[in-house]
Structures are given as C-alpha cells and as structure tokens.
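The same subunit A turns up in both complexes below, where it pairs with subunit B and then with subunit C.
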Partner chain A sequence: MIDHAGEPQPILDAAGLTRIHGRGCPDCLALTGDGPGTNICPRCRSVVALAGVSFRLWPGEILGVMGESGSGKSSLARLLHLDDRATAGQAWWRGEDDDGSALRLDLAATDGWRARWLRDRRLGMVHQNPHLGLNFAVSAGGNIAERLLCAGEGSFAAVRRRALGLLARTEVPRGRVDHKPGQFSGGMQQRVQIARALAPQPSLLLLDEVTTGLDCSVQARILDLILEIQRETGVAMVVVTHDLGVVRLLAGRTLVMRHGRVVESGLTDQILEDPQHPYTQQLVSAAL
Partner chain B sequence: MSTPVLIVHGLAKGFTLHAAGKRLPGIEGVSFTAAAGRLTALVGPSGAGKSTVMKCIWRTYLPDAGAVVLRHADGSDDLATADERRVLELRRRALRFVTQFLHVLPRQSALAVVAEPLLGLGVAAGEARERAAAQLRALALPEHLWDLPPATFSGGEKQRVNLARGLVVRPDLLLLDEPTASLDARSAGLVEEAVLAAKAAGTAVLAILHDRALVERLAEEVVELAPAAAAA
Partner chain C sequence: MDADSFGFLDAGARRELRRACFKAVCIPGYQVPYASREMPIARGFGTGGLQITLSLLTPEDTLKVIDQGADDSVNAVNLRRFLLATCPGVSATTRTGEATVIQTRHRVPETALRSGQIMVYQVPYPDPLQIVEPSESRRRRMHAEGDYARLWVRLYEDLVRFREVAISNRYPARVHGRYVIDPSPIPRWDLPKLHRSAALHLFGAGREKKVYAVPPWTVVEPLAFSDVPFQVEAFRRADGGRHACTRCGADDSYLDEIPLPGGGRRWQCNDQDHCDGRLAARSPAGAAP
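== the complex of A and B ==
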C-alpha cells in the first residue's frame, strides 16, 4: 500500500533556521548569501552561519546535507543537537515522551532539563573528531555505559550486557572493550562513537563528516555499517558531508548548502546527475 | 489491448551548463506508452536521447516539460512532478531500473543484494532470502556465488544479480538499459529468458536495445528516437 489514511508525520520539520554569530544588523541577510558570495555581513562583520534553512525529515529517512567548509552544514548539525541556539526559525522534532505519549519540541528553542533529556535519550551525534564524541579517559565499554546511565538504565548487569551488544554490533572485538579509545585506530574510534550515539536508541542520529580522513576501505566499512544499522533500527539520520560519494551511498534526498543557505535540494541521484544550481554543477563537476 | 502502465506525453529535457553558459539540447516532444506484459524497445542512434528518456522516467533527470504517468497497484502518479518522497516510494515498489552497472555496498553478499529491496518493503528476512534465492536460481547464478560480494563477479554474473535485484519485487514497470551489452552468448540468453519471464508475470518492460535481432525477438513495440535539433 502506498496511500495511507493517516499520513506519517515528519520526525523533524525545520523552517527558516537562521544563526548569526555577532551582533547582527538589519542588512545581514540581504548582504550575504549566494548573490553577494559571502556569509560575512560587510556592514557589521557578523557571520551568517545559517539563513532561512527549511527542510523536513521523515521517519526512517537518511537526508544528506552537502557543502564545502563554511557552508553552514556543521552549524546545522550543532543546532539540531542543541549544542547551539538559533537566532531565528524553528526545528520541530516529533517523538515520544518517556511515558510513550506524543511529544513535539522545537530543537531551536528547547533548553534546560528538556534539552538535556533530548540529548540523552532521543538524539545521537557522531562527530568527525572522535575527541568530541568520546570520553578518552574511560574504556570503550565505559563510554557506552555512560550514555546508558544518562538515559536512565539502572542495573549494572543490564548496562554491561547492552554495552557489549552495541560494541559487537559496531564490530568492536570483544577483547578491545576494556581498552581506551586512544588505543584504537581511527575507524574503530568512529565505530565506538556510533555505538555510543546509538546507546539510548535515539529517534534521530546526526552524523557530521564521520568518514572524513579515513582510508577508503575503512570508510566503506563504516558506511556499510551505518546503512545496516539504519535498516535494523529505522533511526532517521541527517548525514553532513562534503563527500559526494557518501551522500550517493547513504542518502535518498540531499540538501546542498552554500554561505549558510540551501541552494538546491532533491533526490540524491538527481542532485549528482542533473544539478540545477550553478554551484552544485561546479561541485559535482569538480568531483568527477 | 491492455491499458498502458506508462504514458509518456510531450516529454522534454535539455541541460543548462551554467559555467559554460550553454544550453544543450536533449529530448523534445517525446510521447509513447508501455503496456503490461509487453516489451517496449527504445531505439535510435547515439545522442538520440534514449538514456535521457529513461533517466527522466526514473527522475534522475528533472523533466523540463511533459508528463510521465505511471499506473500501479495503488493508483497513478506523474513522475515528472511527483514529490521526492513519492518518487522514492514508487522506486521501491512499482518501478525498477536496471542499468549496466551494479552500485552496491562492498560487503554485501549477492543474496543480500537481491533480498535488500524486499527488506525495504517490510518483507520478513527469511522470506526475502527465499524469494531472492528463487530469483537467483531462475537466472542460473551458481549457488556457490550467493554468499560472495558481487564485486568479484564476472560481467555476466554481475548483470544477472542486477537484474534479479530489479525483478525480485515484481515491479509494474521495469526499465532496462542495454541488458545484454557486453555479455557472452550464454549469459545474454539467460538474461533474455528472465526478461521473457518478467513479461509473462505482467511487468511492463521498457528497454534500450541496440541489437536489431534482440528487438525482433523481445519487443512488441518499438519507439524510435531521433536527435533533437540543436538549440540556439
């Protein structure tokens, strides 16, 4: 069946997300962006990291966010993970409260205990830099256990069992579970980060350049793993990357960002084979 | 006369290359239909736009004008204008595209590659594997290859995995881009048999075919494309 009487709701509905670093002025938006070719306001020198970013993410979907350094893609990820606050706009997350009741929260405006609750129980983030996503002072198992305890898992035996299960799923050998992340290869560090991010069974997983800087074969293994896990758990993902190959393999739809704006969005294969915007054409032709 | 599964009407597509300041002509005013259980062959010289038509139907290309109506079990949609989520849904259920290349994740076994589209439709893992196995058996892919990743296969073996992946969901419309190109006679024969079986099962097949003899043997309809006039 394709048609459903009750159309599913998006898990994330972002509208007009804007983030300006600096005091800002009334001309910031007009004087930055694709036309002016900059994200720095010439009048007040504020940095327009995001301007008017709107998109929807559907349950079980993998959405690609592609752009070069400074395009705003990591700002978007940080904002969705509540590591930063929007200057304007909303990002409505839909999900369930602890008691299973329906809950709708604006990720761009939630703070205090609800923000912590979201990060601990409903959102997962995997960073390019494992130092941002892992605690290097404790073992791989301890990294997972920390997350599980924050998510409210109480029994030591259950924490241990679940941590071992997650690390096995992300292909960390049983014999390495008690080692610290500093002793791992880059690829294994990323797999531990993925296990840690997945620990509370989040409904939304944010991946920020997770394969950047890794060997090709290691990248392939991680991308494979991400797709397998998506299939098994149904978690919705936002995949931020500068790498066209990553969106090609993972994402059904992709947003292309430049100077804090979404300049083009569409089916990933359409973006790569029939790009409409001059900037996307330039990106795609430079990669081939 | 069976009702058409695909109605292409007035389809046009050109390409604007911003950096070069150029507009490349593609196709213009292409109209044809494809019916259930029949093979419609797209023929014409290189540059006539056969692949462009296919990619517009699959929506890898955004058509400039025209309609691409797909009729399927749950109604009908115009692929030229359907929203992206809808296109992805139709690609999973109703519409499959078998190109000459198999793009899959490097670690997956041939059996997993073929079962994957079924899992995407919510078919249970066990049943998906059984149906994938039946499809691979029908295409005579040796059983000792099933557990291996297709990256190591010969061209003919890869193409059969690719075709099995397209056929396993029993699509309403199957798009084939030169299904027997660069295959030896035996592999080509197996692919041909699979196409005949798909037609017999009621799938509408639209295929780019170069080999005249193959068109004679497989096609009920032939759509001849001519190169569009160069735009100013």
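== the complex of A and C ==
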C-alpha cells in the first residue's frame, strides 16, 4: 500500500480503540487498568474490554496480540472483524474498492452495508471454536462456497474449482470436500476454517487462538501452514494468542495486553528476550 | 359506499391491510408485518390470503378462487362460499380471464394474466431464509444486508449431491434485484410467470403476519448459477418426449400425475379452467364435457 508521495501506508491504523460493556461512566477509564488491577469499573460496574488501544499494521505483516484470558485480545479481534462496535476510537483500514480505486474506511464507524462488504470481501477470521467459524450443517466445500458466493462469484464450476483448490492448499484431502465439518478432526476443522477465511482473498486475516486445544504436532502443522500462506499471498494478519510459542514463530511485532490496555509493544524478539513491563516479564518467565 | 367498510373485515382492519399492501408494492419483495386477524377458518388454511382478498374486494369485483389449480376442491369452495357470503355484490367465476381478483393456493393460472388483475397467494412460510437460518432477528439482518449466500449454498449442495437443484416448489426468487422472496409453494413451472407479469401479485401469510408483493412488470429472477440455468418441470416420458394432458391434449401446461386403479398412470392439466377452455374451444358445441 503506497500513498501518492510514494510512502508505504499501514493497512490498519487503530487509534484509541475503546470498548466498554455496560452503561459506562466518566471515571471508567481512570478507575480501571493496570494500576487498579481490574477492568471492571468500581463505580458503575461496566466492563472495560478495551481502553485506548492504538497500533499500526503494515501490508504483509503479522502482528501478535498476547495476553491472559480477559485481557481484551478477542474483543480487539471482534472489533476488527466488525462483529462488535467500538465505544470510542478509530481503526482506519486502507485497501481497494471493487473497482480497484483506493479506499480508506474507519472500521469503528462503518454502516451495515460497508461492514458486510468488508467482512465478505476484505476481511477473514479464523475462530478458536470451529462452531463459530463453520456451518456444520453443510459440507466443507459448501462452507468455502458460502464465502465465495458472498464475494460475488456466480459460477458453480468456478466455486467448486476454487473450493477444491483451497482445501488442497490447506492440506485437506480433496476427497473430503463433500464431508461435513462434524466428520473432521479438530486440526482439519481449523484447516477448513483457514480455507474458508482465505476464499475471497482478504487483505487482512484475523486469527483468534487458532491452535488452542490442538495437540503439539497438529499445532506445528497449522502454524507452518499459516506462515506458508502468508508468504504466498502476502496477506496481513493479526494473531491473537496466549501462547508465547505462537507469537515467537509467527509474529514480527507483538502487543501485550492486560485489563484491556496495551501494556507493551514492540518487536517480538525484543519483547520475549528483554521484556520491560512487569506483566510481560511475568508472562515470559511463566512460559519458561 | 365507504371502501373501508365492506365485507367481513372491520374498517380498521381493512385500512391497515390496504396500507400494508401499498407498502409491499412500494418495496417489492419486502415482508411487511401486519396485525393478522382471527378468521373463521384455522391458521394455515389460507387466512393470510383471505384477509388480503377481504381487504381488496369491492362490489364491482369478480372473484376466482383456486386450490392447486382446481376451482372445486374443498378449500377453494369453502373460501369462495365465505367470501361471497360476506361481500355482497361480488360475483364469482371460474374463468381466469373474467376475474379481477384471483385467490390461489399454490398455483398461477396457465392463462396469461392481464393488467388490472390481482393475484392473492396463500403463503405458509413467507421467509425464504427460514430453511437456512432459524433465528428471525438474524434473518431480518440478512435481508437488510442482502445476504442470501446461504440460499446459494443450498443450491450448491443440491448440485453436488444430486447434480441438479432439488427444490420442487417455494423456489427462492430475487425481486427487482433486491429482496429474495419465497413465492409460496407454487411449482417451479409457475415462477417464470411472475417475471414482468402484467398483474399485481400479493402474498399473505396469516400465521406469520406478513404481506409482500410483486408489482406489475417487475423483474423476478429465480436464484441460479450462471452456468447452471434455472429449469422448470419437464414432464418427460421414458422415450424423451413430453407427457400430454389425456383430457385436452395440452403438452405445454403443468400436469398432474394420476395413478390408475389397475396400475399405470395418466397425466392431466392441473389448471382446471385452462383444460376446460381448451376442450370447449375444440368441441363443436363450444362447451366442456
């Protein structure tokens, strides 16, 4: 993504993303966070899922988002996938419209039609739970077909060909294209999810704890697959995980989150080798 | 006479239904909610269509009621009797060409409809997305966002499993390039008749409390892949030819397959008026036997 002056531009530029569940009060942000050690406002009992999260994601980059349960990682992924709305802040996405013209949209303020368009054609999401990302009532091929049809593909032969190609690329045997996801193993369900997410050739892929619950050998194969796909397609990725091994392998830069705040950010190697924030130090030492 | 106080419905109900119909015409294919009244027939027996017909009829109207193409089946006879008894001055006919309002259950007449006629359909399930999404709130969002991918996936799955689309009736169709409708359980044969039809088509679901419309001359396109075109019933014989009506000889109408007592089958026009009309035109006396 290059601007008119020839400067590279981020594909995503988030500034001050905030999400408060509940009615909220003027003191919500001041009374929660790392200092008070909670993300529940003691005054109004609202949950501050995200508070002032800012970051940039560059084309072709993999950004890791790390933190314990309840730190706001998945809330951030849901905001970026337009499954939820930010209470405040902006998230500027840069890309191309259907006619190839440059487009800049605030993900935090899109209308329903644009949100649907972005989800159908420009964003991909792989969930931790395959039941959230796949329709278990239709075949693996049907799941991929749904994304292709959403993106405007109108030919049955083309849909079928592309579904077979994507399944082959994600190492699902072609002969299982007409099997339902319930007949697959957990690792294969994740691969079908990845194939489905990649179907419309998105510019941004969100991976929410994709290897959680899988055994080590299957995890390794999935992570290798993600890396290969990223190198082939150049798709930018946000990888949400609590697993330090995953961010070490995949992410070039990492955000560390706690109580809905980014407590540390930087190059992944730097964060893992020389953590500055006490919470990051605790995370890294716990992993070792 | 005040048009709002005529027939079985009270003036308020009639006005509300007419408003719902106007809105449905203004937004082709959009399901307009309305307060479905209690009728002297059970829900599921055509109360939606009946309420629309009651709201439309005036003493100048000529009414035709058909059930699966027949004017004399139990459902059609009972509805016609009720409508005539409660709407004084309205006349009844079995001829499609003479009717101004045609209430139908699951068929569109073979005779081409003309401008000024109104077709009223009895609809059991108004939402085409019901078969792929159980939650009504999610279905509303899908309609609002024009998200019909799951219906397309249904076609995809049919083509993969059966090598053809296996939807025999209630075939989803896009109206005016926007909303996808459930055209009530009419066979696929009837769907092309809605495309740029001269008549107004109103669909009423009494149990589900929804009205939607296909206004005259509106584009109605069945969902179909670009390389797998939409097809109607072929009525093919084993030798590849087409079955014809054993009564009038028509080989261009929707046929019923009737098993014979001694074995075997015969084929007959489903649209009784159309079949009678062809017979009358052929017989020297000019009347159907």
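Just a few scattered comments:
Keep in mind that, in the parts below, the second predicted complex is superposed on the first by the 283 of 288 C-alpha atoms of A that agree within 3 Å, B and C clash if a C-alpha of one lies under 4 Å from a C-alpha of the other, contacts with A are read in each partner's own complex, and residues count from 1 in each chain.
Here, contacts are C-beta pairs under 8 Å (C-beta built on N, C-alpha and C of every residue); 3 or more make two chains touch, one makes a residue touch a chain.
These numbers come from a predicted model, not from an experiment.
By the touch criterion defined above, A:Leu132 reaches neither subunit B nor subunit C. In the superposed pair of complexes, A:Gly266 makes contact with subunit B only, with no contact to subunit C.
Looking at the shared chain after the overlay, A:Gly252 reaches subunit B, while subunit C stays out of its contact range.
Once the two complexes are laid over each other on the shared chain, residue contacts for A:Ser285 go to subunit B alone; subunit C is not touched. By the document's definition of touching, of the two partners only subunit B reaches A:Ala220; subunit C does not. Of the two partner chains, subunit B is the only one touched by A:Asp274; subunit C is not.
On subunit A, the surface touched by subunit B in one complex and the surface touched by subunit C in the other have no residue in common. Residue ranges of subunit A in contact with subunit C, taken from their complex: 112-113, 116, 135, 138-139, 141-142, 145-147, 149-150, 154-160, 178. On subunit B, the positions that touch subunit A within their shared complex are 15-19, 55, 58-62, 72-75, 84-85, 87-90, 93-94, 103, 105-108, 119-120. For subunit A in complex with subunit B, the residues that touch the partner chain are 1-3, 58, 220-221, 223-224, 227, 231, 248-249, 252-253, 266-267, 269-270, 273-274, 276-278, 281-282, 285. Subunit C contributes residues 141, 144-147, 149-150, 152-153, 155-157, 159-161, 225-228 to its touches with subunit A in the complex.
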